[in-house]
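Next come two complexes, and both contain subunit A; in the first it sits with subunit B, in the second with subunit C.
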Partner chain A sequence: MAESQYSFSLTTFSPSGKLVQIEYALNAVAAGATSLGISATDGVVIATEKKLPSTLVDETTVQKIMTITPSIGVVYSGMGPDFRVLVRRARKTAQTYFQTYKEHIPVAQLVRETAAVMQEFTQTGGVRPFGVSLMMAGYDDNGPQLYQIDPSGSYFAWKASAIGKNMTNAKAFLEKRYSEEVGIEDAVHTALLTLKEGFEGQLSGSNIEVGVIGPDRTFKVLSEAEVNDYLQEVE
Partner chain B sequence: MDFFVGIKGKDFVMVCSDTSASHSIISIKQDEDKIVPIDDHKVFCIAGEAGDRVNFSEYIIANVKLYALRNETELSTKSVANYTRGELAAALRSSPYHCNLLLAGYDKETGPALYWMDYLATLNKINTGGTGYGSYFTLSLFDKMWHPELTPDEAVAMIEAGIAEVKKRLVVAPPHYIIKIVDKDGVRVVKNV
Partner chain C sequence: MSIFSYNGAAIVAMAGKECVAIGSDLRFGVQLQTITCDTPKVFKVHDKLYLGLSGLQTDAQTLYQKLMFRHNMYKLREERDMKPSTFSNMLSNALYERRFGPYFAAPVVAGLEPDGTPFLSGMDTIGAVETAKDFMITGTSPDSLYGMCESMWRPDMEPDELFETVAQCLMSGSDRDALAGWGAVIHVITKDKVISRTLKTRMD
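Up next is the complex of A and B:
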């Protein structure tokens, strides 16, 4: 196909107007473990599958959901190491903002700055795009918010969405299940049910990760025990 | 020498500045408004070296405006105060801005706020304060008269008492002053003295 002739260089458009490297980056995301987020009236929940390569891996040391600031958390689908780099940058951006204004960065602004970094890597020589899509969840003066950021640097605010391997089925499930009036507790249940849909095997606190932020504006990654409690309610 | 005072009341901040612009011993004009608006609900009173005052205030105001345009939301008074202090601090060890300033603002969520900054990038949140020789004569007077439930009329009375004291005891006291108020309805002139 003529497309592949233009896949050697990130910074060259193909005849159909695509940047092929970004398409391939999105493929890397689509091959990653499923992650999803749901925005409720009084908070946001994000969750992901924590599929490890072997039972010998110490799963207590693996953390896929990260806190950027006390009121903003993030999860990803795609390449773990690329995620780490972005988390590092986002944390620095948030602290620089606080240093300047002595107030916490609004969610939308952190999303914009992070997306700007990802876009930079689609228009610079000698680099490749990040192989992750991010789901950023936060609570600020504009209320609870959920954003998705793609390798291209485009970002969207969602009421509920999913990324990664099982995203089409998960999004269809969420479309049916989602309602504007849902509260944070129900949102957690819906998130677990959505993960269960595409999950091979039995869900448990050790093979999924859930992060929640409520009206207290403190982002928290739930412990294994807490996740198991929610799972019992869902069964 | 510029005279500025600020008084935080129950739900407003009142600021007063002298209105003379002078160059050594020559008075250039007697009706200069030195209380500069940052946006609809915040003002700067900047005293100090002539060029630095204007350059610095314009720089801060432009960046505050840029933030508002970029993010479709205005900075709070606290944010502007800390940002301004940060800029003073950054320039301090290379080419300092020789300005002392008051920042008065009203935020819908948190109410009135008054901040005092000096050229060394000191920042303090205060109830009453001022810059310049004139403030030395008014500070203890304000301490006596201030209380947390201050009304605009009481604040005007305080400022006029302060001006009277300055005119009586300061050798080169400015002749004319302007008093402005910052509250939920924005910034407006209260009185010309």
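Up next is the complex of A and C:
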């Protein structure tokens, strides 16, 4: 197709006004494992499928949800190594902010800076865009917040959303289930049910990862046992 | 000749009951010559935050301008004013960035935190911070100023008492200082308003 003639160089617009590399990056995200986030009245939950290539992989060493600051966590869909680079940058941004102001970085500020990094890689020579979409969850003076950041560098705040393989079905499910008054415990249940919808096989603490931040403003990745407890409540 | 006593200044800040006051002298001089007596050394950052800068006046002015730049950028990004404690930390960081070619200015930060508690801090020229609950001073006759504040400060003063105390400390403290004085300006910051008063002192 004519579009592909313009897909060799990142910094060239196609005739229809698209930057094809970003479209392809979004394809990489859509091929990745499903991740979702739900913002509740008193906290935020993010969760992802942890589908591993083989049963021989030691799943305790695979970490898909990472902490950026004690009150901000992030999950991704897409390419793992690209995610780790962004986490490293985001952590550094947050620490630099803390060193200057002795105050923890507000969620919106961190999202902005990370998005700016991702945008840089769509307008610089010799690099390619990041093949991940991020779901950033945090709790600061403006309350609980959930943001999605795309490879293009655009970001959106969500009440609830999903990214990755099963995102259309997951988002439809969330639209039906979400309510503004939902509390954090119910949000975790809803998140698990949403993951269950598109999951092949049986959900358990070892093939999903869940991160929660509540009014204590401390982001925590739930342990396998805690996830299993929630799963039992959901059954 | 020390670079810190090239221009001359006297700055006093004190905390009262849910209010702070900060004042400075008005002399601008070059060594022994007095050029003007309408140069305050206290600047407003926002309604609840004032900054006093003593030392070499050119550095004090430049530092103030750079800090306002940073505060304005912060306000645009974060859509809020900076808390006094945050400003103090940022100022300390900004001063240390120039560790081996410093700004010859010693700041005093005075303001009210968002919950109404008074905030006072002072720094040396390379950003070593000290916060205080009672008073903070800087200038060319620190011993006089410390002596006055130490004997006159009491806890929980109301805004009017606080003004009187700061005024007396500033005036008496800079009386024996040849390089500071020639009038004074004092700002009293409370949660609803700021009252600024200019004083006529011994014009010598």
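FYI, the second predicted complex is superposed on the first by the 235 of 235 C-alpha atoms of A that agree within 3 Å, B and C clash if a C-alpha of one lies under 4 Å from a C-alpha of the other, contacts with A are read in each partner's own complex, and residues count from 1 in each chain.
Here is the rule we use: contacts are C-beta pairs under 8 Å (C-beta built on N, C-alpha and C of every residue); 3 or more make two chains touch, one makes a residue touch a chain.
Just so it is clear, the model here is predicted, and its values are computed rather than measured.
Colleague: Given the alignment on subunit A, is it a clash or a fit between subunit B and subunit C?
Modeller: Aligned on subunit A, subunit B and subunit C clash with each other.
Colleague: Looking at the overlay, does A:55 come into contact with subunit B only (first), subunit C only (second), both, or neither?
Modeller: A:55 sits against neither subunit B nor subunit C.
Colleague: Under the stated touch criterion, which partner chain does A:101 make contact with: subunit B (first), subunit C (second), both, or neither?
Modeller: The answer is both, since A:101 touches subunit B and subunit C.
Colleague: In the overlay, answer first, second, both or neither for which of subunit B and subunit C A:109 touches.
Modeller: both
Colleague: Determine, under the contact definition given at the top, whether A:232 touches first (subunit B), second (subunit C), both, or neither.
Modeller: A:232 sits against neither subunit B nor subunit C.
Colleague: Where on subunit A do the contacts with subunit B and the contacts with subunit C coincide?
Modeller: 99-103, 106, 109
Colleague: Which positions of subunit B touch subunit A when the two form their complex?
Modeller: 71, 73, 75-76, 78-79, 82-83, 86, 109
Colleague: Where on subunit C does subunit A make contact in their complex?
Modeller: Touch residues, subunit C against subunit A: 77-78, 83, 85-86, 89-90, 93.
Colleague: Which residues of subunit A touch subunit B once you look at their complex with the stated criterion?
Modeller: That would be residues 99-103, 106, 108-109, 141 of subunit A.
Colleague: Could you list, by residue number, the parts of subunit A that touch subunit C in their complex?
Modeller: Touch residues, subunit A against subunit C: 99-103, 106, 109, 112.
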